[in-house]
Amino acid sequence: MAEEKQVCLSGKGLTKVFGFGRQRTLAVDHVDFSFYEGEIVSIVGESGSGKTTLAKMLLGLINPTEGEIAFQGQVRDISSQKKRKEYWKNIQAIFQDPFSSYNIFNKIDAVLLDCIHMRGGRNLPHEKKVELMTEACGFVNLKFAELTNKYPFELSGGQMQRLMIARIFLLKPKVLLADEPTSMIDACSRATILDMLMDLRREIGMTLIFITHDIGLAYFVSDSVYIMEHGKIVEHGSADEVILNPKEVYTRRLINDVPKIYEEWDLSTV
Amino acid sequence: MKHTLQQVFHSGKFVIGFVIFVALMLIVIIYPLIITDAPLTIIAQGTFFKPGIYVNVYDSMNAPKYTLLLEDADAKRIASRLTPEDRQAMKEWLIAIGIPDNAIDIEDTAQLLGLWETHFDPKMQIAGMTNAKRNYYIRLNTSLEGLLATEGAIIAAKNADTGALEEKGNVGQSEFVNVTQVANVRVLPLGTDNFGRDVLTQLVTATRVSLQIGFIAGLIATLVGLTLGLLAGYVGGWVDDIIMFVTNLFTVIPGFVLLILISFSIGQERRGATTVAVVIGFTSWVWTTRAVRAQVISLRNRDHVNLSKLSGHSLVHIILNDILPYIASYVVMAMILQISSGILAEAGLSILGLGPRTTDVPTLGLMMNWAMIYQAHVLGKWWAYLPVLITIALITFSMNLMNTGLDQVFNPALRD
Amino acid sequence: MKAYRKYFLKKLGWFAITFVFAFVLNFTLPRLMPGDPVAAIVARLAQGLSDASGVQAIYQQYSELFGTNKPMYEQFFIYIGNVLRGDFGFSFSQYPRTVADTLKSSILWTIGLQFPAIIVGWIIGNVLGALAAYLKGGFDKVLMPLSIFASNFPAYGMAVIFMVIFGVALEWFPTSGGYGFDLIPEFSWNFIKSVITHYQLPFWSIVVIAIGGQAIGMRSMAIYELNADYVKFARFMGIKDRKIIGYVFRNAMLPQVTGLALSIGTMFGGALITEIVFSYPGLGYTLLNGVMGQDYPLISASTLLITLMVLLANFTIEILYGIIDPRIKAAQAD
Amino acid sequence: MGKILLEVRELTTKYVTRFREDVYAVDHVSLQVEEGKALGIAGESGCGKSTLALSLMGYYFAPLHYISGDIIVDGRNITGMDPDTVRKAVLGRDVAYIPQAAMNALNPTQKVINFIEDVIKVHDLGADKKEIYERARILFETVGLPESVLHKYPVELSGGMKQRTVIAIAVLLSPKVLIADEPSSALDVTSQKMVIKMLMRLMEDGLIGSLIFITHELPLLYNVTDDIMVMYAGQIVEKGTAREIVFDPLHPYAKGLMGSIIVPEEGVRDVKLTAIPGAPPNLKKPPSGCRFAERCKYVQPLCKVTSVGFKELDNGRTYRCIFSEAELREAYQNG
């Protein structure tokens, strides 16, 4: 690639320790990374690898024990609610389980209105807000007119996850962190969600970070891949490099242990 | 939301509990509007008057009289005056003179009197009978003759000037008065207590006061428990550690011991119903704290809370909007239990003599305490304690039924 | 075994801390109240006691016991020292008997009555609850409302009803006391017989109250366990239902043991009042006498003793729990 | 053609939800498993595959209820048998079951060996503790589990170890058919592979006669099984060899499902995933026509009204669609 890539989000020596004394666990252990503007990155790891903790630190939901995160070249400062709010205009997330992502006591409209307000649209006339929400729903193939005044539990899992994408469409963040966005929904709906995420990235030009345990999915969607094991990043590089030509033992094992359909799945290695 | 309410009312247990509770509340509200007597006024000279309608004798003499020719009036009159002991004695006498045992039925007043009239002879000497016993039989016979007399009774009063008795009126045996025409009638459906106070009026007031104590205690316990539980669960870290340390301590240290110590230290004079309620509230928050904390911890890491944070909402907004609605049902259930256990705690304290001071208002516990002190249960004065027990049981039972009903709706694991 | 020792020590430490706190509370609560406690007590005494020299003696004893003229912390240490020696001072209401003496005669009655009753109630309640969960249908439909009712009925209410039915009306058992009032405590057949007949009513009224709450708890635990995956797997391995009930009962019982540990304090409280109803010569009755006689040293000492007993019971249950639940050992192992 | 160990004919069962609603999750399902073969059942959440697994055991308890159909194990029809006979003579011996949630599949307060004793005793196979222990030890050795596991409580075992222990117990009596319901979906990839390897070994060693493997993970199914049946809304919609189903599905739903496979292999990045709009029908009131009609790209008016039967091809493949093989292939060609 000829053009210079701009670093969007980076971390240095990022560490998270839970508990103390004998119960002390290093969830994330001195991790360094740089995610570039507009690229699709996957952070792959098995359960307990620390990928979810890393994601929460990136989102500013939990504070790192050590190390720093820089956003667009500047060290992130989220020490006050105001600064956090500013940061969250730039970085947003879609979570794994659509059913638990919604406050079941709030109507669907509230979820979308929150986004409009966050983008400074609190004082817009009501018609304008409806127009924005209709547009966002249209983007994910939902009809706002049918959803308005409904509660989240009246929707199917796939619809809920699409509405989460509509939310991102309204927020237009610089970075979107998708934490296993398709693992709880049926294979048939997975394509729809992935397509919509790709369309959305094209539309607003954001950096897309997938957090996943599914190395196949990581390979399928991303430009570059980070492999995590026991809180450490053990390998990273372009998707083709890492998946087709893994250098680390752990990565090789991970890929090797996933059942394949084109090549023989080698059962002798365990 | 509406759907949930519907489900709640589809639960049979909840509905039964709710109906009982509402009925009690209605009685507590409506009764004082009709009967406005002060609950602690002493109206009876003497203790433990039986439940019944009390008709003023003097007023009934002056009330218009009606003659009703009721055939069984005599028999009833005699039957009501002949005590079981007298009947037994009559039987013994009859047997002694040779009437076969099986020919005498002491329950059959007419037959017994018939036998007595034909066989009794005061002069007869019976072997082994003491003089005192014979005199008793003679007295019994005289009183029976009086009862069997057909004349009415003369009412006489002393003439203030002459000092002689003058006939004022005559009460025939078949004369009746209409109760509604008697000036002074007092209905005491539950009789009077040891101090001579109307038990029913007292009970209604006591129920109200006990419910108030329960509500205040429940409210305080719930508020304290909710606040501490939210703080411990949501803020976590050392705040959680400290709160949990204290909560664990107070879980093991028995609450009623604290209750006894505090109540005693406050002293009888300063112990009003509200004070007792507040003390109960402040010694019973631990369970709510534990339950709320556990709920909040499971909610804290839910994605909808994370999403709410990412939408820039403040801590207060998140607690009010994203946490509280989810735990509301648990808090309501906990509060129902706190109210009913508050009522029980008051009753227990009062039995120990550490209840509210006895001079202002009755409470269910105090009524129970008085009944126990004056041995109502041993003396067979059921009306002094049984209605109180039933009321306490109805309140706590109804509240726990509502709670179980709610639990079945909100806790799917229990549905089967 | 090492893991279990760790568990034991942890529980022991916690027990010690709790007791210290309870002790401090016992000491400070009355002193936190506004006004001078000694003055208040003496004022109350003036109404209660006619023997002037007795009042004077108690006043001095009390000042000595608590060291009321010294600073609070010093009073506290004096108090600890005295309590450690078993010296709780003289009883106001039963002067010249000492508090220790009064308590000594009542504590055994309480222990003998309450613990067996609570344990028997716990066992019957658990069996009934498990049966209700397993049999469902009619048994469950009758048992559950009864249990809810029993568990919400005030403890003394059950006592009163038992007394009226079995004591007053049927005259099966005596209605008050721990033994016949015409007997003196001794080791004779007559006395033992009297103790046993007096024991029945308070015992069973505590048992019935305990059954209700335990049955409800066990039923919901057992329903939860019956839906567990291991039940399904065991069924599909051909295991008999009766055996599965055994598994479920054991697993559902374990939380019930912890539940007992947590609720033993409350149960104890209800049982104390049952003692009062039957004038049973235990701690509850002593406590009532203390309150009636405005006898502060007696109240303070009996509440301390009750707390200690509850804590000890709690501690014992937790220790037993550690032995019967293998998960404790496993959890401590790593 | 090998000996048929399990034959299921038109099995229909329902389960009752806690709101007392009937859900017809297994609707006239027929299948056959040959000795030494593994049959896969593929389907998404809510298609009835887990209910099918339970229904195949021939031993029903609430909330599952048998309605109709036959289950013939090794020539013996077990559907008419008295439940107690099924329990003693069939469960564990003829058919065995491995549940999805191995985490909770063992009694948490019982040592592994004690449960094994219970299982062997209930089938009246030698009550001597020593014999049982020896038998368990040998089995564990064969399946590659350490002997120490026998003395452990489930909490002391890792997730993968627990699942393998569950499998070892399930095959204790060398069942003719082993039904595995998502046995590895809660495990990480390495443990999953160990579990699969263990299952394969059991087949090779003859410790189990045949295997029914149920999962939503298609690449796994493809690697484990010989034949695959695709289940949709309580019905089987297609059956064929694993290769045929994965690389050449005929039913439009199977086609969609196979089009969503993602594996970390070269070329995968260029594939366009297929998306199927909509959601499966409600099984409380299943539609009368083809159950996939609402979501099918090639739907015809007729599909929604007539109930569609199976079409069988010459090579034994069957599928449930009104279109002929040629019509379907042509439709797929044109996209």
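Read from first to last, the chains carry the letters A, B, C and D; within each, the first residue is number 1.
The rule we apply is simple: a contact is a pair of C-beta atoms (placed from the backbone, for glycine too) under 8 Å apart; a residue touches a chain by one contact, two chains touch by 3 or more.
Bear in mind the structure is a predicted one, so any value in this text is a computation, not a measurement.
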Chain ID, smallest distance between chain and overall C-alpha centroids: C
Farthest-lying chain, centroid of Cα atoms versus that of subunit A: B
Quick note, more Cb pairs in contact for A-D or A-B? It is A-D
Between subunit A and subunit D, centroid-to-centroid distance (C-alpha), Å: 33
Centroid distance [mean C-alpha coordinates] between subunit B and subunit A, Å: 64
Where the centres are mean C-alpha positions, what is the separation of subunit A from subunit C, in Å? 55
Multi-chain contacts only, two chains or more: what residues does subunit A have there? none
Subunit C: which residues touch two or more other chains? none
Report the residues of subunit C in contact with subunit B in the complex, numbered from low to high. 14, 17-18, 21-22, 25-26, 29-30, 32-33, 37, 40, 136, 148-149, 151-157, 160-161, 163-164, 168, 175, 220, 223-224, 227, 262, 265-266, 268-270, 272-273, 276-277, 287-288, 291-292, 296, 299-300, 303, 306-307, 310-311, 314
Subunit D residues touching subunit A - in the complex, by the definition given at the top: 44-45, 188-190, 192-194, 196-197, 200, 216-220, 222-223, 246, 256-257, 259-269, 271, 273-277, 279
State the interface residues of subunit A toward subunit D in the complex, per the touch definition above. 46-47, 156, 158, 186-192, 194-195, 213-220, 239, 243-244, 253-255, 257-263, 265, 267, 269-270
Would you pull the subunit A residues touching subunit B in the complex into a rising list? 56, 59, 61, 81, 84-85, 88, 92-93, 95-97, 100-106, 114-115, 118
Which positions of subunit B touch subunit C when the two form their complex? 248-249, 251-258, 260-262, 264-267, 340, 344, 347-348, 351-354, 368, 372, 377-378, 380, 382, 385, 389, 392-393, 396-397, 399-401, 404, 413-414, 416
